[in-house]
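Each of the next two complexes has chain A plus one more chain, namely chain B in the first and chain C in the second.
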Partner chain A sequence: MNKLVRIELYKIFTKPRTYIGFGAVFLIVVAIQLGFYFEGEEILDFVIQNLKDSFLFEGKLINVYTVSYIVLTSLWIHVPILIALVTGDLIAGEANSGTFRLILTRPVSRTKLLFAKFFAGWTYTYLVIILMIVLSVGLGSILFGSGDLLILKGTLNIFKAEDALWRFALAYSYGILSMTVVASLAFMLSAFAENSIGPIIGTFAIIIGITVISTLGFSMLRPIIPFLFTTYLPAWQLFFDYELDYGKISRAVFTDLAYIILFLSVAFYHFRKKDILS
Partner chain B sequence: MEKEVYLELENVSKKYGTINAVNSLSLKVFKNDIYGFLGPNGAGKSTSIRMILSLITPDSGKIKLFGKDLSVDRYTTLSRVGALVEKPDFYPYLTARKNLEILGRLSNVKNLDAKIDEVLDLVKLSSRQHSKVKTFSQGMRQRLGIAQSVLHDPDLIILDEPGNGLDPQGQKEMRVLIQKLNVERGITFVISSHILAEVEQLANRMIIINKGKSLVEGEVSELLEGGGILVTIEISNPEKALLVASKFESAQDAELSENNSLRLRIPRERIPELLAEFEKDAVKVYSVIPARSLEDYFISKIGNE
Partner chain C sequence: MMRSIIVLFGIVTFFTTVLNAQRDAEGLVKELSLKMQLVDKYSADILVKIDVEFVNIEERKAKVFFEKPDKFEIKSTGILLLPKKGVEMDYLQLFNAEFTAIDEKTEIVSGKQTRLIKIIPMGSELDIVLAQVWIDELNLRIVRMKTYTKSSGSYRIDFSYKNNPFDLPAAIRVEFDVKNMSLPSTLTGDLESLSKKLDSKGVTKGVVSIEYSNYVVN
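And then the complex of A and B:
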């Protein structure tokens, strides 16, 4: 199993497309940070101009935590695409390139191979988010220094620096879980496809499609919205409420876990029986 | 002593929708055979090969490799099999050596580095081992395909169209390599090919299938030469040669062709005696050409369908 995982990781990290994800995260985070570095004060003045009549703001408001929160908000739209780009290719890419004919004619268990592929894909997902953390918190600390976290989230939430850090840790941890759902969905679609375009576009189409339908709020769909995984993609924001709502957080975590199990079960069941015709 | 059966298919069938891709196919490949697997396009050759390699699951029937049921003992049986199925596809962004490293690890090859050196040398790709496969020509990929199929010292190698993409020189080298591996290492081969001359020169046993069904299976020499082979003999004195041939006991259907060559059917082992008779009667022999080729035989079998 270790051998298979090492091989799959090697294949992922020697593929040029893998670095599109890391490159995109790097560019977006650095662009946002540079924007705030040079024009942060004007942007913040604009955002809080109405609040200035009621509140007195003191201290360093443009700091690592405030910028990291903004990075998180904007990046969470892009990360699913970057995840699907690699995980959607894990199985379909082999079918498309004809290499299943090479590896599945060797004494390799299909189940173990799929586990190895998913684990390698998950490692990539994890590393993309780690890069986000390193860049937004690490580079952000150098550029902006520490300070209190200021969030406009329906209400004005202000957290002390020491209070912000663990919230970010939990938000990123939840982010890894919700992105694993996206990776599992792309992986499942990949098991059915013969080329990687379908699963990559399919994953994003499903996420956008369900999100749009949920947002429109059709009354007949309202009962199922709490059971859709897309409902919980932005649930990392729950960790930036003053009082953590453990009920909502648990529901998000369990729904994500249920979808991961569902998507992977379908992928494994299908692939174990699949005729390799490519 | 009965020969050991390395591969056996018993009434294997596979349907795609309403189409019978393979229909109750049975065959036997013995140890040390070079077994020709012939059939026109769409006959079911590739589907059969994919079923033998567990890429496709049969709807019914049994596949045995080295006497063991493939569906029960896939791991140990496949570890003794090498294969090149259809075109040789590799990871194009990796070098030839890295591709072999991955495949060698999957096959649990011991002393992998030395083994890779050996197979790269065998297929004459050592000088390009660090080039990415995407820069390889079709012929080089084909050779790399052969290299990966022998990497784990298999007892049985299944090659689907091994001559594809190779120039005549490359095809000849491939035939020499297969014969060498068969003789020197005792590797059994199953070769599917549409290049009939290739199979004719290599195979000792063969099967011809069409529409998923077996038409004929057996020793190549027996199938092609049952009742003697048809030969065309280019001679100096046609009338005299015809007279000699007519009197020769084992020669049948002797006649002169339009270009004054002699055509007759004769058991292969009697040809030297006939030539000696010609020499005795001062008939010079310029050439002896077997007219009954695998191509004729193949077409006659397929044509009857």
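And then the complex of A and C:
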């Protein structure tokens, strides 16, 4: 099994498209951080100008945590696309290049092969998030130093630095879980496709489509919105509520887990029955 | 004739009383101002508690530095939010400028017998347009102060004292006007709260309590 996973990881990391994800995360994080390094005071002054009419702010407003939070909010739109780029190719890519028949002549069960592929795709997802953490927190610490976390989230929430750290740890952990849902969706679509364009575009279309429809048709779709996985993609923000809403957090976690199980079950079921023609 | 003399005596007595009261009020405020001016500089540790409707922040520790006449500095390791008026002893500017003081009444505030005096600054350069000061005449301390400003609405400061040097306060409680505002969410990407607006009544009250300790004076 380990060998299978290693082979799948090797395949992922020898494809140039894998590095698009890492490159994009690197560029976006560095661009945001440099932007805040040079013009952060002006940007923040503009954002909190209403508050500055009534309050004096003392202390370091721009610091590693505040900038990392902004990086997170900017990236949650992009990361699903980067994840789908690789995970949507995991099965369909093999079908497209006509290597499945050859692979499946080996004494490896389809379930094991699929599991190895998914685990390799999940490792990529995990590494993209880890790169985000390392760049946001690592580079942010060098550029901005530590300080309290300031968040405008309907209310103004200010967390002590030591309080910010565990919130980030939980938010990133949740981020890995919600991105696993995206990876599972792309993986499922990949099981049905013969080339990787379909699952990749399909994943974007499903995520963007459901998000737009549930936002625009909010009143009409209200009863089903709590059951859509897209509702919980930005739920990492729940860890930055002043009082944690454990009910909402559990609902988000369980919905994500349910969708992961659903998508993977469909993928495994379909692939095991699939007639391999390529 | 006798009636005219009585009326005249009455008028003279009335004005003399009023003028004496005014002089007394001004004298009292000036005496208080002189007492405050004995403090050239001080530093102290502070513990700040903030109670504002749309602000969530735990209590914070910081250090304040004051130097005559109005240099005020706060050093904090974390982020600290303070009302723009009230905590930086900006009322000292009023006592140091020319003003008219009017005795209003006596009142019991925080269990202390106080004299309520209205202070109106003479010039127009100050931000403060009117102040009401409740003075504990016996100990020559300000117990409460309500200030009306041109730029930041009004604020009220309640002072409490222990045995600090020069009667510097042990704690203050500043109640101030906060304009209700819609906090921007675009930078943070908080789409859920984009449409959330805070109460649109216009102005609400915010409260900041500060406890002072470890004074080092002059």
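Criterion: the second predicted complex is superposed on the first by the 274 of 278 C-alpha atoms of A that agree within 3 Å, B and C clash if a C-alpha of one lies under 4 Å from a C-alpha of the other, contacts with A are read in each partner's own complex, and residues count from 1 in each chain.
Here is the rule we go by: a contact is a pair of C-beta atoms (placed from the backbone, for glycine too) under 8 Å apart; a residue touches a chain by one contact, two chains touch by 3 or more.
Keep in mind that this is a model prediction, so the values were computed, not measured.
J.: In the superposed arrangement, does A:60 touch chain B (first), chain C (second), both or neither?
T.: Second partner only, chain C.
J.: Please work out whether A:99 is in contact with chain B alone, chain C alone, both, or neither, and reply first, second, both or neither.
T.: first
J.: Pick one for A:43: touches chain B only (first), chain C only (second), both, or neither.
T.: It touches chain C, and chain B stays clear.
J.: Chain A residues in contact: does chain B have more, or chain C?
T.: Here the partner covering more residues of chain A is C.
J.: Considering only the touch criterion stated at the top, classify A:155 as touching first (chain B), second (chain C), both, or neither.
T.: Touch partner of A:155: chain C, not chain B.
J.: In their complex, what parts of chain A are in touch with chain C?
T.: Residues of chain A touching chain C: 43, 47, 50-51, 53-61, 69-70, 73-74, 76, 147-148, 150-158, 160-161, 163, 215, 234, 237, 242.
J.: If you look only at chain C, which of its residues touch chain A in the complex?
T.: The touching residues are 54-58, 62, 74-84, 87-88, 152, 176-179, 181-185, 187-193, 196, 206.
J.: Hey, which residues of chain A end up touching chain B in the complex?
T.: 3-4, 7, 10-11, 14-16, 97-109, 273, 275-277
J.: Flag every residue of chain B that touches chain A in the complex, lowest number first.
T.: The contact residues of chain B facing chain A are 50, 53-57, 74-76, 78-79, 81, 83, 85-87, 89-94, 98, 102-103, 105-108, 148.
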